[in-house]
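Some structures to go through are shown next.
Look at the two complexes coming up: chain A is in both, with chain B in one and chain C in the other.
The block that comes next holds the complex of A and B.
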């Protein structure tokens, strides 16, 4: 039991900006169905793979964030800034001199910005002289740029971390944030994950999974996480209670096919830590796409844990595309959205899962409430 | 709450691979700076770096296939293996789920990303090789260490730039204190690469071939690479197995400037020091030595000393920069600082700031331990780490408990 709660969030993805487009996509699709957005527009002149990708169409950082501080932002930093602003507003957590030192940020990523890193090398290689690179773009090549920019924009002076965890990043972010709050390093944390859909990222997804049918997507999802008693004291609405987060690594799993077993073990440990029995889990938000060979990892793990009594499932990638590190954040956003509009789900317990091909596995157990009723449980 | 101690040190650096070589180099004040060979540095006016020339991961690693992992991951894994050997820790005696790994980095597998960029330039995006892509992501650094050690606990890569390994040691410490793990290997890794060299040069932050922190005529930093790793375990666990204890982790502080993406902020750094002291339950007067961030740029060193003066007043402890020898190893840097700090306590030796010639009147009162290592009784060390993004993290180590 962590004693931690989510009191608000923000998200954007190929479906649009905010929770409403996600809610609409889930509603249209039904809980276990969905279709990746096809209305993609390339954010750059670089060619996307033939299958395309699903960037957020017409994403305009300047329009959303204003001119100040946005001239040299890369796409993932801009996505993170928008989602973070939404999260603070949604939660009602305001930042001022009294709490700025006690509010921090942790964001998950895969590479940082693969495009920013690669373009900087390219610029050096192609320039007349190898040092004639754009100085203002240099910070974009560093992994923690999005978290640093988020701190600057919203005045968050607490612990500020970046976790490069790929598909497991957001679960690792939740674990990191839970530790920061447990140890008293902060009173509230923005916990999020972000991934940009550039040509570099879309091609990376395409080339790593040439037979996969899921194209690249993008997005950011950021949540305000704080101690339950602080949230209650402040009157902020409790969307989700974070009962446990468990991440681990399974050596040689990638080669030996032990991944589903490792994930099942991880889920069982999470259930035990949360003092929750498998039959109490009514919902599972997986990183599955519904159209991919890799889906079997979570299918097998869930069947090991739940047997024939499978929880209802939401396949977030089917709606968002392959968002790598952002997938985990968008999974939680999908869950929050489902709860928010449906009081009949109040108090129900959900599992969400993630894994990486080389052996990283993770699971979180959460309990959610609607915002239709005033009772936060 | 468990007390947490450092029982193994694994440096893979330009001044030495393994703790004996590294310790001897620190004592001798050796420079690891040499002309760049890891990329074609023609056309760069400044073309020196702290590269690890004699890095032979195949001679250090037991499980990883060196051909399948990127350079930064191999640095991290080799450092971790050396740290485990130094700790004389038989990992087979520990439940794999109770062994955690936390690795910090600034640019992750930067040389792999540069190889991918070369593919894009030569043959276009559709020539990107899946094998290079697989090893390009940041999580590989921690996962490579976990794979090498057979560790099945948390496996986390912290991308908190140039203070990342202090963040890593701090996160490891918190977990051990709460009993989440029995042993955690924490450290950092980064590789010298073209884009980082170009970026720092363009910012005007690069020296030619000499890094001279705290010197009046300091000209900047030098890019560098390597892997740093520390074995951390609960005090009881270390005592039970009769381990040699270098130092105790007393605590750490981490905060963010929330001010400027690259320029350091003295008030915020001072705040981070106070936070670290408070979390470690010490006062400034307890600190015997500061292992500085000390990049050797005009801005860093003056800002850092201003912050130290703000917290310590006129009694600033001896403060040296091992970056004068190593260059700036980025994500590995504060891990090397933590190793040097643990050695300072265990061996009673303060590492020097080499290349120091002229006092800087703006840094009056600072004792940079110029040029020669010094014997001292060291009970408490403060290890500074700052980064782009305003990510400050400061670690406090103390003498082993009696």
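The block that comes next holds the complex of A and C.
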């Protein structure tokens, strides 16, 4: 039991900005149909791999965020800023001088902005006068840039960290945030994950997963996490209760293709920590795409844990594309969306899962509530 | 709640931890001509390289990390097969250098090796988890803070806290962009300082709970964390001050008790005056204040590894009562007049409480307080 709750969130993905497009996509449960769109500020000159990708079309950072402070912002940071702003607004947590020092940010990533890193590196290595690189672009190449920009924009002066954990990064972010809150480093944390869909990222996904049939997507999902008593004291609405976050690493299982067993163990430990029985889990949001051989890892793990009484399942990548680190955040966004408009699910318990090819597995157990009285979302 | 340091290993341009401390006590500088990059192109002529024969190999950051992890684990006596050990690795640029190399030469770089899980697992096969914190130049300090939390919450029996970074040409080009004439020596807090140079390095510590059966190297009291939330690259004294306050509150100590400060001290025009002023205001508090040293003049700026390299030096100062001089410092900057910088020769003094500062891009600050174990 973590004693922590989510009091609001924000999300963007190929489906659009905010929770409404995600809700609509879940309702249709269709496959994301997107076409590579160019960064509106800087048209992409690099072609996408044949399958394309699923970027958020016509994402215009300056229109959404204004001109101030956005001149050197890269796409990844802009996505994080928009989702973070939404999360603060959705939660009703306002930042002022009384609490700014006690609110922090932790974001998950795979490799930062591959486009910013490779553009800058290319400028360093190949330009005629390499030392004339643009220093103002350098921060974008550092993996923690988006978290720093989020802190600057919203005045969040507490703990600020970036976890580079790939497909497990968001679960690791939740664990990090839980530690930070439980050990008194902060009173509220923005917990999120972000990944941009540029030609660079789409190629990386394509080359890493040559047999995968899932194309790159993009997204950001950020949540306000705080201690349960603080949320209740402030009157903020509790969307989700984080009952447990469990992650572990079994490289031998990763190599031998036995990750499903490791993931099943991880889920069981999470259930035990949460004091929840398997039959109480009504919903599972997996990182599956519905069209990938590797989907079997989560299918088998769920089968080992739940037997014939399988929870309902939502395959998040089927809707969003391969969003790497952001997938985890979008899974939680999917759960929040499922609860938000449906009081019949109030108090029900869900599971979300993830894994990495090198042997990382993770699971979170979450309980959710609706917000029927509110028009937000 | 405090924790104990049961093992420590570092790699710098001088070698291991003992060799590094020896080099520092001799006021030696590990600087040399820049290797593995075209000095004229990046406008950087010098660096603090880990000495290796032959050409640059791939995955050096991972290799040093694995060496330090093995060494620290062996020293600690912690058995990862019987005890729950998790690893936290701090880094700025991870294995970006391998990506640069593979872009320029026909090299096969496997994606799995761009992450540190592989290297840590090779060194410590029974490790339960590997978490990478990418917090630029304060990554090691942030890793140490998380490690202490995991011990406090009982989430792990012992934590391997590590950090590593090598140089990339892109980062060198950024540094070269700020210097009209390339510098040949980092001169922290010097009136005529000429800018920062990169170092290569890695570090690993083993953190265990109080009462653990071991001969502790030092007691970790606290790490205070904060974010400036003002600028990606410019220090904000108010933000750093919050991290300092946090560290002392957590530790139950006061600034007046500090015997030694290991400053971040990058030798840049802008950062050093801010840090010196802050030390005067917060730690000296109108008196002579604690001894101040800094290690980047001797070993360069080792990026994500910088905070943990300073922690290793701090634990050796606590153990030996010797404080090395700031290599490269001749005449302190105006803002540092009257502060007790260690200049020229090492100083012998009883050191009980050490205060270590680390600041990173993104405005992330980590202040660690380390106390003599017994």
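As a working rule, the second predicted complex is superposed on the first by the 358 of 377 C-alpha atoms of A that agree within 3 Å, B and C clash if a C-alpha of one lies under 4 Å from a C-alpha of the other, contacts with A are read in each partner's own complex, and residues count from 1 in each chain.
Everything below uses one rule, namely that a contact is a pair of C-beta atoms (placed from the backbone, for glycine too) under 8 Å apart; a residue touches a chain by one contact, two chains touch by 3 or more.
Since we're looking at a predicted model, the values are computed, not measured.
Asker: Quick check on the chain A-based superposition: chain B and chain C, clash or fit?
Answerer: With chain A as the common anchor, chain B and chain C collide in the superposed model.
Asker: As a test of reading the superposition: which chain, chain B or chain C, is in touch with more residues of chain A?
Answerer: B
Asker: A:47 contacts which: chain B (first), chain C (second), both, neither?
Answerer: A:47: touches chain B, not chain C.
Asker: Looking at A:203 after the superposition, I want to know if it touches chain B, chain C, both of them or none. Which is it: first, second, both, neither?
Answerer: first
Asker: Going by the contact rule set out at the top, does A:309 touch chain B (first), chain C (second), both, or neither?
Answerer: The answer is neither, since A:309 touches no partner chain.
Asker: Touching A:71 in the superposition: chain B (first), chain C (second), both, neither?
Answerer: neither
Asker: Is there a shared patch on chain A that both chain B and chain C touch, and which residues make it up?
Answerer: The answer is residues 100-101, 104-105, 109, 111-112, 117-118, 120-125, 130-133, 135, 138-139, 141-145, 147-149, 151-152, 154-166, 172, 176, 179, 182-183, 185, 208, 247-249, 251, 357-360 of chain A.
Asker: What residues on chain A touch chain C, complex-wise?
Answerer: My answer: residues 100-101, 104-105, 109, 111-112, 117-118, 120-125, 130-133, 135, 138-139, 141-145, 147-149, 151-152, 154-166, 172, 176, 179-180, 182-185, 208, 247-249, 251, 357-360.
Asker: Which residues, counting only chain B, touch chain A once they are in their complex?
Answerer: Answer in residue numbers: 41-45, 96-97, 101, 105-108, 110, 113-114, 116-118, 120-121, 125-126, 128-130, 133-134, 136-143, 146-147, 150-161, 167, 171, 174-175, 177-178, 193-196, 198-203, 254-262, 268, 271, 387-391.
Asker: Report the residues of chain A in contact with chain B in the complex, numbered from low to high.
Answerer: Within the complex, chain A contacts chain B at residues 46-47, 49, 100-101, 104-105, 109-112, 114, 117-118, 120-126, 129-135, 138-139, 141-145, 147-149, 151-152, 154-166, 168-169, 172, 175-176, 179, 182-183, 185, 199-200, 203-204, 207-208, 210, 247-252, 356-360.
Asker: Chain A touches which residues of chain C in the complex?
Answerer: Chain C residues touching chain A: 41-43, 91-94, 96, 99-100, 103-104, 111-112, 114-115, 117-118, 121, 127-136, 142, 145-146, 149-150, 152-153, 155, 168-174, 176-178, 225-233, 239, 242, 246, 250, 360-364.
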